[in-house]
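Sharing a structure with you now.
Order as written gives the chain letters A, B, C and D; numbering starts at 1 within each chain.
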Amino acid sequence: MKDLNVGLVGYGFMGRTHSNAFHQVARFFDVPYRPVLKALCARKPDRAKAFAANWGYQSVEGDWRDLVARADIDVIDIASPNDTHHDIAIAAAKAGKMVMCEKPLGRNAKEARGMVEAVESAGVPNTVWYNYRRVPAITLLKKLIDEGKLGRIFHYRAKFLQDWTISKDLPQGGEGLWRLDVNVAGSGVTGDLLAHCIDTALWLNGRIDEVTAMTETFVKERKHNLTGKVEPVGIDDASAFLCRFQNGSLATFESTRYARGHKALYTLEINGEHASAFWDLHDLHRLQWFDHHDEGQVRGWRSVHITDGDHPYMKHWWVPGLQIGYEHTFIHQCADFLSAVGAGKPCPPTFRDGLATDYVTDAVLASAKSHQWEKVLH
Amino acid sequence: MKDLNVGLVGYGFMGRTHSNAFHQVARFFDVPYRPVLKALCARKPDRAKAFAANWGYQSVEGDWRDLVARADIDVIDIASPNDTHHDIAIAAAKAGKMVMCEKPLGRNAKEARGMVEAVESAGVPNTVWYNYRRVPAITLLKKLIDEGKLGRIFHYRAKFLQDWTISKDLPQGGEGLWRLDVNVAGSGVTGDLLAHCIDTALWLNGRIDEVTAMTETFVKERKHNLTGKVEPVGIDDASAFLCRFQNGSLATFESTRYARGHKALYTLEINGEHASAFWDLHDLHRLQWFDHHDEGQVRGWRSVHITDGDHPYMKHWWVPGLQIGYEHTFIHQCADFLSAVGAGKPCPPTFRDGLATDYVTDAVLASAKSHQWEKVLH
Amino acid sequence: MKDLNVGLVGYGFMGRTHSNAFHQVARFFDVPYRPVLKALCARKPDRAKAFAANWGYQSVEGDWRDLVARADIDVIDIASPNDTHHDIAIAAAKAGKMVMCEKPLGRNAKEARGMVEAVESAGVPNTVWYNYRRVPAITLLKKLIDEGKLGRIFHYRAKFLQDWTISKDLPQGGEGLWRLDVNVAGSGVTGDLLAHCIDTALWLNGRIDEVTAMTETFVKERKHNLTGKVEPVGIDDASAFLCRFQNGSLATFESTRYARGHKALYTLEINGEHASAFWDLHDLHRLQWFDHHDEGQVRGWRSVHITDGDHPYMKHWWVPGLQIGYEHTFIHQCADFLSAVGAGKPCPPTFRDGLATDYVTDAVLASAKSHQWEKVLH
Amino acid sequence: MKDLNVGLVGYGFMGRTHSNAFHQVARFFDVPYRPVLKALCARKPDRAKAFAANWGYQSVEGDWRDLVARADIDVIDIASPNDTHHDIAIAAAKAGKMVMCEKPLGRNAKEARGMVEAVESAGVPNTVWYNYRRVPAITLLKKLIDEGKLGRIFHYRAKFLQDWTISKDLPQGGEGLWRLDVNVAGSGVTGDLLAHCIDTALWLNGRIDEVTAMTETFVKERKHNLTGKVEPVGIDDASAFLCRFQNGSLATFESTRYARGHKALYTLEINGEHASAFWDLHDLHRLQWFDHHDEGQVRGWRSVHITDGDHPYMKHWWVPGLQIGYEHTFIHQCADFLSAVGAGKPCPPTFRDGLATDYVTDAVLASAKSHQWEKVLH
C-alpha cells in the first residue's frame, strides 16, 4: 500500500466527513493507497490549527494557492464553499494534482465546464462527492437496474425535504450559513439538495432532455451575517420540476427547506415493468423492493435490511443486522477513488458527470424564471 | 325518520358501494331520512335483475329516462360511466329530483358546467361522490387545518399510483374496462385518479390558478372490446403537474396506472409552518402527524390510529383500535347528505365543487398538450 | 336461498357486530341461507326495543327462556355477558336450536365442557365467534402453513395489548363494564384477550401441553357500579405465559389492559425453517411475510396488502388496494357458518374448539396461582 | 489530552469494534485521554500481525500473560472468547491495569464474581462492553425514565432474534464459531443475546428477583470444527423467561437464533402509566415514543429520528437527519470510559453490573432445567 498525500481545503461539515473517510478507508477496504493527511488549508488560522490537530493533518496552509503549489501533495480535496470550487480545481489540475471536489461541481454549468476542461486537459483523476451513490442500498439498486430486473421504466420520483430554514430569524451568509447566500452558494436548494437527486437519477435512469420547473423564496429578506444588514434573499427556498427521461419514463423532482418534520428526507422511487424500488435517507440502510414475479398471494413490498455480506460494500463492515450510517458513504467513495487511481480508471461521478447535473440545475432555474419548458444542455 | 326514495343508475363497482351505503347509513348514523331502494336502472336486464335482487331494489328500469320520470323517486344517484353523467343529471334536476353523482362530475368542465347550472336552477340538493373527503383521517386533517394548527402552508403533494394496466394484453373499453375508453371516460388517470387528489386538495388547501403538466400514454394501441379491433389508446396512462396554490404554497401532483407495486396508493402530504400531515389510502385508518411544538428530544411523526370516539365519524362504529375500511367513506357521505337535506343545507362537494375539479383537470390536459403553463378557469 | 331465523341474545358491542354480519352476509357472499332477524332478547325493554328497531329485529323478548322456547327460531346467537353463555347454550341445544356463541365459550373449562356435551348430544350446528380466524391475512397464513411453506416451526409469539383500564377511577361491573367483574366475566384479560391469541395459535400451530404463567392485578380496588361500593378487583389485569407446542416450537403469550399506547394491539408471529409471518390487528389488512427462498440480496420482509381477489374472502368485497375492516371478520364467519350448515359440516371454531381454549386459559390461571408449570387438559 | 496505552486481547469481530472505537473516540469527543494502540495479543501469529498492521497496533504478543506483565500498558481490553475473560481480567486487575471486558462478564456468575472481587480489590477502573446502553435512542430513554416521564411502570418486554444457526450443516466450535461451543461460550443465546436484553433492562427498569424460564436446543448434534466429529450440542438455541421487576412491572424476555427473517432484531418496549417507548436494533437510530398527555385526537406513537444535536451523543456527529450506525455505540462507551477515568468515577456497566446480569442468566438456565421458578441471586 503506497501513500497518497492529501491536501484538504475547508474545515466545515464536509471537511469533517472527508477527513474521516481518509482515516477510515484503509482499515476497512483493501485499497492500493493509504491517504496521508499532509495539509489542511483554511482561512482562519486558529480554527484551522485546531481542526488540523484534531484530525491529524501534518501542516496548515492559509491560502489554497500555496497548497496547490506544494510538491508533496498528490490530491487536492475541495470541501470549501461553492464559490471556491472553480478556481481551486482549475489551479490544482494545472498543477497536475488529482482533484476531489465537493458537490455541486460549479455554482452553474459555466463554472463546471471550465473545471471539466481543466481536469481533462491535465488528464488528472477527478471525482465529485455525490456521496449518495455509495449508500449500499442505492449501489444495489443500480446493480438491479443494470441486471434488467425492472424492465422498461415508467416512473422516477425523487425529493429532498428539510425544514431548517423556516424561521424568519435565521440569518443568511457567513460561518455555517453560506448555503443561504446566493453569491457563495450559486443557488439555494436547487444546487444543494436537488443536485443530489439529479445526480442519482442520471446515474440510475439516464439522460434528461427538458424540464418544466418552479421555485420559490418563502422568506424574502434576512439579516446578512457578514454585512449585519437585512438584505433580500437571493436563493430559492424550494424547487420542483417535471421531466421525461430519454428512456421514456416520467419524473417528478422536488426539494425544499420548508417541509416541517423532515430533517434530510431524500427519497427516491423507480417503477419498472417488472419491479419497483424505493429508498429513504432517513433509513438509509434499507431498500424497499417490489418484485411482480413473486407469487401473487404473498406479493408485497420487501423491506430489505442492507447489512449482509453480499450487499455492496457491506462485507467490509460488521455482521448481518448491524447498520452503518451516513459517514460511510464517503468512506466508500474514497475506497472507490483509490482503487480507480490504482487501476488507472475514472471514478464516477467524475467532473464530467458533475457537469451533467449542473446542466440540469441550470435548466431548472431557467425554467422557473422563464415560466416555460427549458432544454437541458449536454 | 322519513323515507327517501332512491333511484340508482348503474350496477358496477360504484353501484355496489352506493347501494351498501344506502343500506348501512341509518343503522349507524342518526339521520333524518332512511334511504329506500326504490329502483335500479341499468342496461342489461338479466344482470340488472340479479343486482336488484341482491341489493333489495324494489324495481328495475332499463332506461334512465323512465327512472327520472317516476314520481316515486326522490333522489337520482348516478353510478354509471362518465359519458352518462351529463344527460342524466340535467334531466333529473329538471324533473326536480335530488342528484348524487359519481365523480368526476363531467368528462370535462363544459359538461360539468351544464350540470351545475341545471341543479342550481332547479334548486335541488346535489353532491359528487368524492368519497375520500370522508375518510376520518382526512376529515380530521381538514379540522386541524381549519383550527390553524399548521400555520402558513408551504407545500402540498399528492399522488395516486396504481399498476393494473401495465400489461399490453389488457383490452380497452366495454364491461368493466370503460375507464380505458377515452370516449366514455373523457380522460384516463387525470379524470379518474388525479381528480380525487385535486378535489381533496382544493378542499384542504384552497384554490389553484395555474398549472404546468405532462401526460403520457405508455401503451399506444389496445384491442377494443366493443369493436374487437386493435385501436389507438386515447386516454392518458400517467399525468403529473406542478402548481402554486392561492395561499402561496407549492405543489406536486401525480397519477398513474403504471407504478408497479401500488394498487391504489393515494397519498397526500401538507407541510405547514407549525405542523405537517401525511396520509395514505393503503392504510386509510391512520394519519401521520408532526407537531413542531412537541418537546425537541421526543419530537417525531406520530402515527395516529384513527379509531377513537373523538375522531370524525368513529363514535358511530366500533371501539378504539378497530379499524373501518374503504366502503365506510361512502356511508359517511351518505349520512352527511341526508343530514344536509334535512337541514336544508348544501352537502359538499356539491356539483359546483365538482366543477372546480374539472376546471383543474381541463387545465392539466391542456398544459400537457400545449407544453405551457395554463390558467385554471373559475 | 332459504331463510334462517335468528334469535339474538344481547345488545352490546357484540350484539352490534353480529347483527351487522347477519345483515351484510347475503349481499356479499353466495350463501345457502339468508339470516332473518326474528327476535332480539335483552333485559332492559326500552333499550331492547330501540336496538331491535335500529337493526330490524321483528320482535323482542325479555327472557332468553322464552326465546329458546319459540318454534320460529332456527339459531340462537349468544352475544350476552360470559356468565350467561352456559345456561342459554345448553337450553338452546336441548331445544334443538343451532347455537352461535360469543367467546370465550365458558367462564372456565367446566362450563364449556357442559356446553360441548349439550351441542354434541343434540347434534346441532355450533360455532364460537373467535372472529380473528377470519381476518383474511390470518386465513391466508393458515393456508400458507398448511401448504408447508414455513417448514418446521421453531417459534410462535402472540400478544394482545390494550390500555383502557389504567385509570384508577374506572369503575368495575355494570353496563359496559362487566368485563371488569370477575363473577360475570370469569377472568380478566386471560379470558377476554389472551383467549383470542390462544384460539388462533391452536388453529395455526397445534396443541399445547403445559404452561408456566404469571398474572397481575395492578389496581386492587375499584368502585363497583352495581353496589356503589369500592370493592376488591377479582380479575387479572395482565397475564403472560410460556409454553411448548406439540410440534416442538416455543412460544410466548401476553395480554394486558395496561400497555399505554395500544388500543387493541393483537399481534402474532410464527417462525419456520423456510418462512416467517407477522400480523397486527392495528393494520389487519396486511400480512408481513418473509421467505428465505427469495434471492439473498433482495430478501426482506414483505408487507402484503391483503386486498386482492385471490386473497381469502376478498373477491367478495371491493378492488385491489381498498381495505376492509374489523366488522368484516364477523361477516366472514357468518358466511362460513351458513355454508357449513348448508353442507352439513361443522364450522370451526366449534364449541369443542372453544373448550380447547378454555382448557389453556384454565391452565394459565392455575399456573399463575400455583407458581408452577401446569398441564393443559384435553 | 494524555495518552492511555491499550493492550487488546482478541482479534475477532469484537476486536475490530473496539479497535475502531479507540481510533475514533478522540476525533469526535472531548476526552481527557487519547487511546494509544500499544499492543495486540492473539494466538495465531500471522493473523495477529496482519490485524495489528491494519489497525496500527505497535506490537504483538502471543500470550496474554506477557501482555499483562508489560509496564507500558495502562488498560487491558478483553475481546477474546468468553472462556478467557476470567483469568485475564483477574490477572490484569492484580497487575493494576484498568480492565475493559467484552460481555458477558463470565461464563457464569461464579466466574464473574471472582472478576468483580479482583477489580474491586485492586481498585482499578473497569467496564463491560454492553454497548447497547450507548445507542443514543436507549440513552435518551433512560433519561426520559429518570425524568419520570413514564410514571409507574406496568410492563417491560425484550427479545433478541436471529436466524443464522438454522442450518444443520453449520458446524460448532472453532474459528468464528466458538459461540456454538458450550465450553467456550458458557451458554448459547442466553449468555450471548439474552444477556444484552437483561443488561439494558436492569439499567432501565431495576432489579429482578425471580424467573420462570424455558430453553431449547433445536439441533441436537453438529460437527465440531476442532475435533472434526459430530458431537452433541451443549448450548441453548432459544431461551425465554417471565419475571416481575422489583417495581412491580411484568416482563417477558426471549432470545433465539432460529427466528427466520431476523438478523439481529433486538427490540425492547416499556409501558408506563403516562408514556411508553419502543426500540429496535434494526433501526437503531429511531425511538418510538407514545405520550398519553398529547391531545387525544392527534395522539399516536411518535417515530423520533435520533439525529439531533440535543439527542445523547449526537452533537458530536453530523447534522440532523443523518444517522449513525452500530459501531458508534462502542465509540460512545469508550468516550464515557475515558471521561470516567479522568474524573475518577466508575463507568457503568461496571464489572459489578455485569455480574448482576450473570446472576439473572444463571437463574434463567437453572429454571429451564428445574422446570420451576428460580430466585435471582444478588
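One rule holds in what follows: a residue touches a chain if its C-beta (ideal position, glycine included) is under 8 Å from a C-beta of that chain, and two chains touch if they have at least 3 such contacts.
What you see is a predicted model; the values in this text were computed from it and never measured.
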Chains in simultaneous contact with chain A and chain B: C, D
Chain A and chain D: spacing of chain centres that average the CA atoms, whole Å: 36
Centre-of-Cα separation between chain C and chain A, whole angstrom: 55
Cα-centroid distance, chain C relative to chain D, in whole angstrom: 41
Multi-chain contact residues (two or more partners), chain C: 262, 301, 305, 308
Chain contact graph, described as a line, ring, star, complete graph or other shape: complete
Contact footprint of chain A on chain C as seen in their complex: 140, 144, 286-287, 289, 291, 294, 296-305, 308, 310-311
Contact footprint of chain A on chain D as seen in their complex: 13, 16-17, 20, 23, 26-27, 54-55, 162, 164, 262-265, 281-285, 305, 307-308, 317-328
Residue ranges of chain C touching chain D (in the complex, touch as defined): 154-155, 157, 159, 161, 163, 166, 212-214, 216, 218, 238, 240-242, 244, 248, 250, 252, 254, 256, 258-262, 271-276, 290, 292, 301, 371-373
